[in-house]
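For reference, the structures are reproduced in the following blocks.
The same chain A turns up in both complexes below, where it pairs with chain B and then with chain C.
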Partner chain A sequence: MSRLLVPAAVVAGIGAPFVLDVFQIGLVTRGLTWGLVALSIWFLLRLLDQPSFGHAAFFGTGAYVAGLSVTRWQQDNVFVILALAVLVTAVVALPIALIASRLDSIGFLLVTLAFAEMLRSLALRWRVLGGSDGLVGVTRPGAGPFGIDLTDPVTYFYFALVVTAACVTGLWLVRRSSFGGVLVAIRESESRMRALGYHVGAYKVAAFLLSAAVAAVGGVLNAYLVRFVSPDDLGPLVSARGLVIVVVAGGLLTATVLVAVLLTFGEDLASSHTEHWLAVMGALYVAVALLEGIRGSLARRPSAPVPDPVQRVAGEAS
Partner chain B sequence: MSPAQIALQLAIGLSFGLLLFLLASGFTLTFGLARFVNLTHGSVFLVSAYVATSFSGRGSYGVAVLAAGATGLLLSVVVYSLARLRWSRVGSDELVQVLLTFGVLLVFAEGGRVLWEGLPRSLPEPGFASGSWQIAGLTFPGYRLFMGAAALAIAAALWWLQERTRFGAMVRAGVDDREMLEAVGISAGPLFLAVFALSGLLAGLAGGIGAPVLGASMGQEYTVLVLAFVIVVLGGPGNLKGAFLASLVVGLADAFGKALMPTFAEFTMMGLVVLVLAWRPQGIMGGAR
Partner chain C sequence: MNVLELDQVCMQIGGVQINRDVSVTLRPGDRRALVGPNGAGKTTLMNMAAGVLRPTSGRVRLGGRDVTSMPVHRRARRGLARTFQITNLFPAMTVAENLAIALQVADPRRLDPLRPWSRARRLWSRVDELLEQSALTAIKDTRVGELAYGDQRRLEIVAAVARPCSVILLDEPGAGLSSEETETLLDLVFGLDPELAVLFIDHDVDLALRLATDVTLLNLGEVVAEGTPAEVRAMPVFSEIYLRGPADARR
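Moving on, here comes the complex of A and B:
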């Protein structure tokens, strides 16, 4: 299934501009940026069993760096900006990574959400970042050595597609690398890896920073897509969207991007029909939680050999 | 900062911290017993506060707070009933719980926006605790002191319930070893329901008691939720005593952070979290219960 999914996704991506209008292309591009957030959450969740509810912090940091680069810092090379965004995000993420990676999954979840929210309220009040107005007048930068015009929506879509594909490939390679193997081993038995002499903390922090970097790339792409950066880019909705995509997509890496694009269209549909679309999205999250996802999507790891008696009792209590 | 200002910020910080404890204790109770991550607390607080502001006539303060408590209880039971629909799936996976409760949070908050038109509202201070009070030559806002005292009284009642009653003993036993609790013939279902109702009641009361100071406004569901989470993490998830200590620290950090550097108040909170967790990743109280 996953073998077919990758070529299908590539064909669908390349062919999309030939069947969709300009507005829909914009939606697909936004779906790609959400897909990047989902990918970064997916990486930590599947490899280390760490559920992050705070990746909006890195998505938003990337978006703010992208916005400030063109409005204040006169930077006009998208690749330099991407590198800068990754760098700044790594600095922001480092203290969070150092703290959160020492916690169990529930502590991880709460701390990441708390940090993202603190950054959001900081952005709301700090005038340098535009306060609650956000950054307006964001224009798309040039593409450095490549002679392409990013202001064209279709060109920008292809640019976003290539960047997303690069991130997917990168994460896929990392998962297959020895580094990814060590992460999975840490997930399965942290104490054993520590006893074997692995510096568990450093591996976890490195994985966290890598994940944050991918989310930051998504933030940069989104900032130039909508040409606007607001404190909402740091908000819990961004993180929740990433999580719901990961849960629906299940274990498949490429599926996260496809689900993200579908969700974008769904959200657009909801917001064009009712001003209370947030409630609709809320109901959707409830539905996803209560119904089965795409086949056993929630099995975060291969089924454990010994069923957990506590969980079984909880299941039978109903 | 003059001594008078320091005393004022101490009072504001402690009373706000105690109010936050009501919110955090509900979260930590359901998490400790049922391993259930309930994000709806923020919007339960918000909707309860909105309900309280609907009773803004003279002399109706008590009614307002009780109505807020009842609202919180009701909403929390709704969340539990939803989770019960598929407990086999929801009960064992915190990621599913997060999705479920975040979705419900959005629906509740949007419901609040529809019913109260999304406008910020407030509840007038009750006559017996309005204006400012002079204590030892220092001036304190009267309602803040009353709010702290009321929250402390509720916290004391919670301690009594938890440590001195059969119900509390069952909850504590369930936190320690749920399988054993069920093995001795105590059914977990009704106990979970009671704890969810209790946590909703606490969040609702917090919304009502806090309404004259904090009011009710959209976005509040996240601001209070985050502070409650910081308390839960610093205190150690599932640990009530730790949460109580942490709530005082968080309240003080919030008050002094806002007074000393209004724009960058969040840095005080982030710094606090980083320092405490670098020192004790298990929370202030460590593994102790």
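Moving on, here comes the complex of A and C:
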């Protein structure tokens, strides 16, 4: 099933502009940016059992760097901006990583949330960042030497698709690497990893920075999609949505992006039929969390293998 | 030269003195048992040797170098291996993967986030060698969480000494094992590199005395006797502790 998911996602991605209108293509692109937030959360949750509720901090940082780059810094190369966003996000994420990585799951969740709220509070008051108005007039930059016109919605969709695919592939490779193996082993037993000679803290910080970088890329793509950056990009709803997508996707890498796109469509569909669409989506999330929780409970039977952290989080949520 | 030296170490937590002026030395090839009743401070001493706890006073030296303030992972890289009182492996991973994790700590390419783990050929061939040497090949693909407890204990020791080390700390290696599994464990420990120093705790005093070349008897946080197993067993304090109880022995 999961093997078919990748080619199906590739075909669906490439073929989308041929069957969808411009508005719907915008929705898919939006779904991809949510997918990147979810992927960044998935990485920490799946490999290290760390549930972040503060990845909006990095999504928002990426978005603000994207906005400032074109409105204040006259930068017109999206690749330079992406690199800059990753760099600035790493600087922002480092102190959070150094503190949060020492904590257990609940402490990690609370500290990441607290830092994201601190950054949102800063963005609301700092005039350089536009205060509560955010950054307006965010235009799409050029694509450097490739001469691609990102102002075209379909071209921008393909650009976002390629960037998302690169992030998915990168995280897939990391999960399969020696480094990924070490992260899983740290998840299983930190004390044993220390006793074997691993600097557990350094690995956890490195994983956190990598995860933050993916969220920042999502923030950059989102800023140029909606052409606006708001302090809400640093808000808890961004992190909550990312976490929900991970749970709904059942911890599968490619499914995380697909679920993000489908939920974006679902939200649009629900909002066009009822003003209570948030309640509808909330009920859907609870139903999925319940189902995942039941799956997680079954996986925790003594004879079954160790439960997946994503199932465990869903189980606790339900 | 001493491979491990605990020099006059003390540990006080709150107002409670857990260990007082304890000195223990290990030379290459020593197998020293730390024995004593519950509350004697054996596990605390082991944790100070491993770097989990920092002594309130006294020094810890590894290979002659002062490592008192050195964290656990750096001591491990300097040749200190350990196992835990409760088996501490990676239950969701296979036996082979557990050994690979133990072996690759010295491999600089472990940090390469894009090198597939499965293609680290030199690592996996070393894992296969180790599996064969320790008669674990038949269970190499079994998840550790599904292994019998005795096999887990065995794997933990094999993984701990998979990379070069000069001393191993075994915390209750015989706990929870059947008599048959205990014999297998003894064979494994006796079959370790003869130059490897072993410091271990076990509540089963008979097992500890069989395994050890030297014994340190602790009571209420202090060393009360030292010597060969036969010498310590013959001391009156040994009988007092194990027949009358630790408090009586102190009087």
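Brief remarks follow.
Heads up, the rule we're going with is that the second predicted complex is superposed on the first by the 269 of 318 C-alpha atoms of A that agree within 3 Å, B and C clash if a C-alpha of one lies under 4 Å from a C-alpha of the other, contacts with A are read in each partner's own complex, and residues count from 1 in each chain.
The working rule: a contact is a pair of C-beta atoms (placed from the backbone, for glycine too) under 8 Å apart; a residue touches a chain by one contact, two chains touch by 3 or more.
Being a predicted model, the structure only gives us computed values, none of them experimental.
By the touch criterion defined above, A:E188 reaches chain C but does not reach chain B.
In the superposed pair of complexes, A:S121 makes contact with chain B only, with no contact to chain C. In the superposed model, B is the one of chain B and chain C that contacts more residues of chain A. Shared-chain residue A:Y198: touches chain C; no touch with chain B.
Once the two complexes are overlaid on the shared chain, A:S272 sits clear of chain B and of chain C alike.
Of the two partner chains, chain C is the only one that A:S177 touches; chain B does not reach it. Judged by the touch definition given at the top, the superposed model places A:L110 against chain B, while chain C stays out of reach. Of the two partner chains placed by the overlay, only chain B lies in contact with A:R102; chain C stays clear of it. Per the touch definition, chain C reaches chain A in the complex via residues 50, 52, 71-74, 76-77, 81-82, 84, 88-93, 97, 100-102, 104-107, 109-118, 120, 123, 143, 145-146, 159-160, 163.
Looking at the complex, you find that chain B touches chain A at residues 31, 34-35, 37, 82, 84-100, 102-107, 109-111, 113-114, 178-179, 182, 187-189, 192, 222-223, 225-226, 229-230, 232-233, 237, 262-264, 266-267, 269-270, 273-274, 277-278, 281. Contacts from chain A toward chain C in the complex involve residues 173-174, 176-182, 184-185, 188-189, 191-200, 210, 305-306.
Chain A makes touch with chain B in their complex at residues 45, 51, 53, 95, 98-99, 102-103, 105-107, 109-111, 113-115, 117-119, 121-122, 125-126, 235-236, 240, 243-244, 247, 276, 278-279, 281-290, 292, 298, 300, 308-311, 313-315, 317-318.
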